[in-house]
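Both complexes shown next keep chain A, but they swap its partner, so chain B is in the first and chain C is in the second.
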Partner chain A sequence: MGGLEDGLPPSKRLRSSSAGSSSVLSGSTAEEQPIAAALFRDSMAQILQCQGQEETIGSRGLIKRIEFVRLISDALYALGYKRSGACLEEESGIPLHSADVSLLMQYVLEGNWDEGASTLHKIGLEDETIIKSAKFLILEQKFLEFLEAGKTLDALMTLRTEISPLHVRTSRVHELSSCLLSRSVNQNGLSCNGSLKAKLRSEVLDELQKLLPPTVVVPERRLEHLVEQALNLQRGTCVFHNSSDWDMSLYTDHHCGRDNIPRHTSQILEGHQDEVWNLQFSHEGKYLASASTDRSAIIWEVGKYGEATLKHRLCGHQKPVSQVSWSLDDQQLLTCGAEETVRRWDVSSGKCLQIYEKAGIPVVSCAWSPDGRSIFAGFADKSICVWDLNGNELECWKGQKTLKISDLEITGNGRKIISMCRETAILLLDRETNEEKLIEEDQMITSFSLSNDSKLLLVNLLNQEIHLWTIDGDVKLLAKYKGHKRSRFLIRSCFGGLDQSFIASGSEDSQVYIWHRGSGQLVDILPGHSGAVNCVSWNPVDPHMLASASDDRTIRIWGLHEANIKPRVLQSNGTHHCNGKI
Partner chain B sequence: MGRLFAVNLEGKIYTCRHCRTHLALSEDVISKSFHCRHGKAYLFNKVVNVTEGELEERLMMTGMHVVADIFCVGCGSIVGWKYETAHEKNQKYKEGKSVLERIKVLGPDGNNHWINHEAHIGGSD
Partner chain C sequence: MEYDPRLYEQIAVSDNDTHNIVLSYLIHNCFKETVESFICSTGIKKPADCLEDIDRRKRIIKFALDGNALKAIELTEQLAPDLLEKNKDLHFELLSLHFIELVRSKRCTEALEFAQKNLSPFGKVQTYVKKLEDLMALLAYEEPEKSPMFHLFSLDRRQMVAEDLNRAILAHTNQPSYSSLERLIQQTTVVDRQLNQEHGKEGQSSFSLEEFVKKKIRTSTQEFPSKGQKQDA
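For the complex of A and B:
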């Protein structure tokens, strides 16, 4: 890196007039000759050259010294270290603001409007429109201050001879003139509405600074902004990032280790007597519901330390249970029998509160309305219906709205119904406007899941790819995830982890797959199950807890720590489960 | 076995003999004059609910081809093969298409077509 060596006084140095800042440290600069501000030049490169300082710093020559030093000066002033800021300006010879800009700022704060307006021409602005807009700001303040002081004639002169000829913001000019008129009528000084009161001069200065280009006036706190940008970038590219941000340090690049991902089996739940097809954590993460071909569903309770215990076994369906759905308040659960009926259960008592069905038409999917007062269902005849809690049909969409094997989701605001309407397309039906949008793929879709904020949809395809779509506003494909195996079964995937930064999926090779959502990178593969993993669910409240459901009749809870697990032999009379020691 | 994902076809359907999983539509038949070890076979434009085995070079009656065996997703039994590449120019039309062995499938009317019978026994196929 170039620059001055320590101990060598420079031969020439320009001291900026630094009109806005306080006194300069005199100690280290005793040998210099102050040069009048009038000799200040626009091209600061010449200053550096005659001091022997290099124009760029940094290993790649990307950073301009002048810009860097000005940002640091601005940062020092913003932190409140005025003396340090002034010292830096002086020692480097690089003023934060050119002398004319400092003068401009001084004039504005003093209310010296005419000088301020004329200084605008000296600060190196090339764009006429910016000069005019800046002038307008200054003269507008002049006008308003005249008004407040009761000098209506002066205000009128300003408006007529100085502001109007600029020919900018004509609607604002009209406002100002009508304010003038009403003022002169109401002699007792009633002020006009809020936007016509004179601002504080410091506010005018702020607005002026925002208007002027960054080369003339450095954007406020720009260095902070750049550092935050770098931290965000580091966080975004950290594919294992799954913990809260406060331990990000400026000293080293942020880089999480794999130990933040739940990748160790912490528990094996052996409550079901046949394949487990579906499972889902409740919204608050206190319960886990699982659905099995043994025609039952189980509600597991998640304890304080993450240990799951069987709370209720929900029996009654005559067919394999294909789906579970939690009410928003986690007090009730819907279960769907495969091509059968929907049942509503009370979570605390485990009792079945209601059975929903349509004569002769099997139900294939179900979903809660977010307000908890109605239940949506997809049917084998490809229609979708809504029941109230008592089972009365409220609405029905006929025609090809869903398929025999299709998921059904309702967005969090209750407005959109999401369902597969064709083998290769998903329908997004807006209930209010009846507008239909489509997600179209060129492969067959097997399943999908909605993110917590209802803005993203994860779509599983026949060809072993998982596609991420955004459905908030424009429908667009964002990313693809590959690696897992699917050839015969319906395999489900989900969002999860901190800020839902990860995608997890089951797989026919008995493993759980985890990808980093932003980069698409496969982050981990979790072996352990001895049968196809059909479904995964990530605890929405605990980014370090993941559950998987498998054909091997078990559910595995994955966490950060290895546990001593010995899977026990399934007993035939059993509501039997095994707690691992953590 | 997990929750089977099988597509449902509508129309005149050929299904797997063992598990009745839908495999192809009658309207997608390209040719009925194919043969395999066990008898007749039909060439289809499109076949669903099958998984593919490994690709291998096979010498067929019509020349060298690269094919993969196809298996029913429902029960895993082999139902035919799929053409990946044909070495001879006049066989290129087969590429990407699949053959279902007649003995492995049930026809649209549920008819079984036994080998060595040239005449159809009632109904159309």
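For the complex of A and C:
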């Protein structure tokens, strides 16, 4: 093998060859940078060939050996394994940094600024601006260290004769000049006061490394970064991912099984005497509220092990209850009678605290304001208004702000009101600026729901698609979900699971559908109900608990384990009948 | 604005007024000998004290114009001890002048020391911070005249500072800071502009004395034939 006769170990031989190639390179212009990089690679490649090693590794020939080995060396040093790092450099014959770069680093750490600045010309940099910026960094440190040592005149000289002539970063030069004043007087307002303190030499080295191209200096911790990138990718594509990240391992590709999705009926709740239209878990996941055509709403309590029991039956509405809304503290519940009134209930006692209505105009939707001090309602006359808790009207928006059958949502910061203003459009009304944004669809919209962070909106359409929109900032369509059936009735969908990474929806074929939000993939279909599933709600606190409401008058709780169930009538403990009169 | 020139002819201008205007101009600009001859020629009353003051003021301003700010400051302190204290901006400008001179004559170390001693106390006040930064930036260059801060060396700047000093001293000795002539021209310009604006004329042309005087030479009958007709004002 040529080149080994001189008996020197490969690393020594390498130093001279890299020094040789750098001196060839230092005279060329900026345009030749790609050529310089190629020359560096070629010189390395020659060395590898001399040693009989292949240039690329890996099954697809995508990984260059030189780069790979340098990354590993850098990782070893970053982990603190200095001897291993040095050993690798020697054994592979591939240095992490060329000898001149190592010298440069040494000079910087020693504070040998002049030598450091001149070494910059020897490390194979072609771009003049990079050389100048690097020099500036080094000389700036020289200046600041002079200042700290009280050598103002030396600092002045450095500034005038060395830094200024570089003609880069003029405003910084002026700042440094101002720093000359601050030596004795500490309290003046000159801008350099913050940056008067010289950085640590290691910090200067870090900044220098970021400035230099990766062929000269490998980016710090690059291998770690690449591995994390791979893990993130795996996590993103795992459509069943519904548990914490601790399970991720480097040994195998991350792949959750279906067993993290709540897909088994763990309970059937039979409290209603007619179709159940709507249901929602409370914010802390301790209660579930359901609304039915039997003109009542039920508050169910979720026990420690996820078992739900009937807590209160709320009677009083004269029409089917179409909506429920939890206050932020879960202490109160709003129910809305379809084209009737809004009632406010106390959760612990089950008593009706107040009835809200507007003379002659039926209410069609209701929602709590996030501060718990007022109530929003949509009316049959297409207006929206706000009541305080005593029933006094605070604000009103007239005009086509809402439709007959519709949802009403308020964003978490209380700023935006979301409602349907036309059959194919949803209105986002900003209460502070009165700005109106629209989500427009081609098809008729049947219902929508808001994510926990108020940034996403899920919209159910007539044509059996569910669309995901982002409403934070620009309004944009993000994804579409298909597969469920909807032809005649109002079906609702919701967000759920870990980080709200899933979408669940009811369907007219009596099944519950679950999709992975990120990929749009249909993850599971849950059979069990014997009637159309109108609404689903995922427990915000337990990613493994899902509830569905159906025309078959039952509510099903879905979990991770098959439960032993026969449909039986659940005994409620102390049914609280409220006759609606306050 | 075109007015009937006969309107002007109806206004009487007293000799006293004109003499005072000229005198005020001469005093403001320190033309001592001219003041003396003028007083002799016209016989007007000599203003009290002013001649001595003129001499002293003249010296101070000359030093400032020559760039010898330290001497100017010294003499000002003698003439009016708390003037500079009351006019911090002016004081700063004068000190800056000295600093700039030091930089110009390449005495950078001295300049730095001067700045540290005399200029940095001003840095405690926010309004001076930017000016200080600009001044200090001069030190960063071996050829400051070619730096982005070259405008600090201009003669105009020195003249402005000298003029400010002049006004401050005049104010201090209870004399008007502006000569009557200046005031009159300013007044005419403002009025002219205002009228032009009200009549919808575009542009803010400044009042030109030369043109105004030239216009008056034309005879009145040429443009304004019928007597007694009111001009469309």
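By our rule, the second predicted complex is superposed on the first by the 515 of 582 C-alpha atoms of A that agree within 3 Å, B and C clash if a C-alpha of one lies under 4 Å from a C-alpha of the other, contacts with A are read in each partner's own complex, and residues count from 1 in each chain.
The rule we apply is simple: a residue touches a chain if its C-beta (ideal position, glycine included) is under 8 Å from a C-beta of that chain, and two chains touch if they have at least 3 such contacts.
Keep in mind that what you see is a predicted model, and the values were worked out from it rather than measured.
J.: For A:Asn390, decide between first (touching chain B), second (touching chain C), both and neither.
T.: neither
J.: According to the stated criteria, A:Gln318 is in contact with first (chain B), second (chain C), both, or neither; which is it?
T.: In the superposed model, A:Gln318 contacts neither chain B nor chain C.
J.: Once chain A of both complexes is superposed, is A:Thr129 in touch with chain B (first), chain C (second), both, or neither?
T.: After superposing on A, A:Thr129 lies clear of both chain B and chain C.
J.: First (chain B), second (chain C), both or neither: which does A:Leu181 touch?
T.: second
J.: Go through the superposed model and pick first if A:Thr433 touches only chain B, second if only chain C, both, or neither.
T.: It touches nothing on chain B or chain C.
J.: Using the touch definition from the top, say if A:Ile491 reaches chain B (first), chain C (second), both or neither.
T.: first
J.: First (chain B), second (chain C), both or neither: which does A:Leu159 touch?
T.: second
J.: Could you pull out which residues of chain A sit against chain B in one structure and against chain C in the other?
T.: Comparing the two interfaces on chain A, one with chain B and one with chain C, no residues are shared.
J.: Over in the complex, which chain A residues touch chain B? Could you list them?
T.: Within the complex, chain A contacts chain B at residues 275, 277, 320, 322, 338, 403-405, 423, 444, 446, 462, 487-491, 508, 531-532, 534, 551.
J.: Please output the residues of chain C touching chain A within their complex, sorted ascending.
T.: 108-109, 112, 115-116, 119-121, 123-126, 129, 132-134, 136-142, 148
J.: Which bits of chain A are touching chain C when the two form their complex?
T.: Checking each residue of chain A against chain C gives 152-153, 156, 159-161, 163-165, 170, 173-178, 180-185, 187-191.
J.: Which part of chain B faces chain A closely enough to touch in the complex?
T.: On the chain B side, the touching residues are 1-8, 51, 73.
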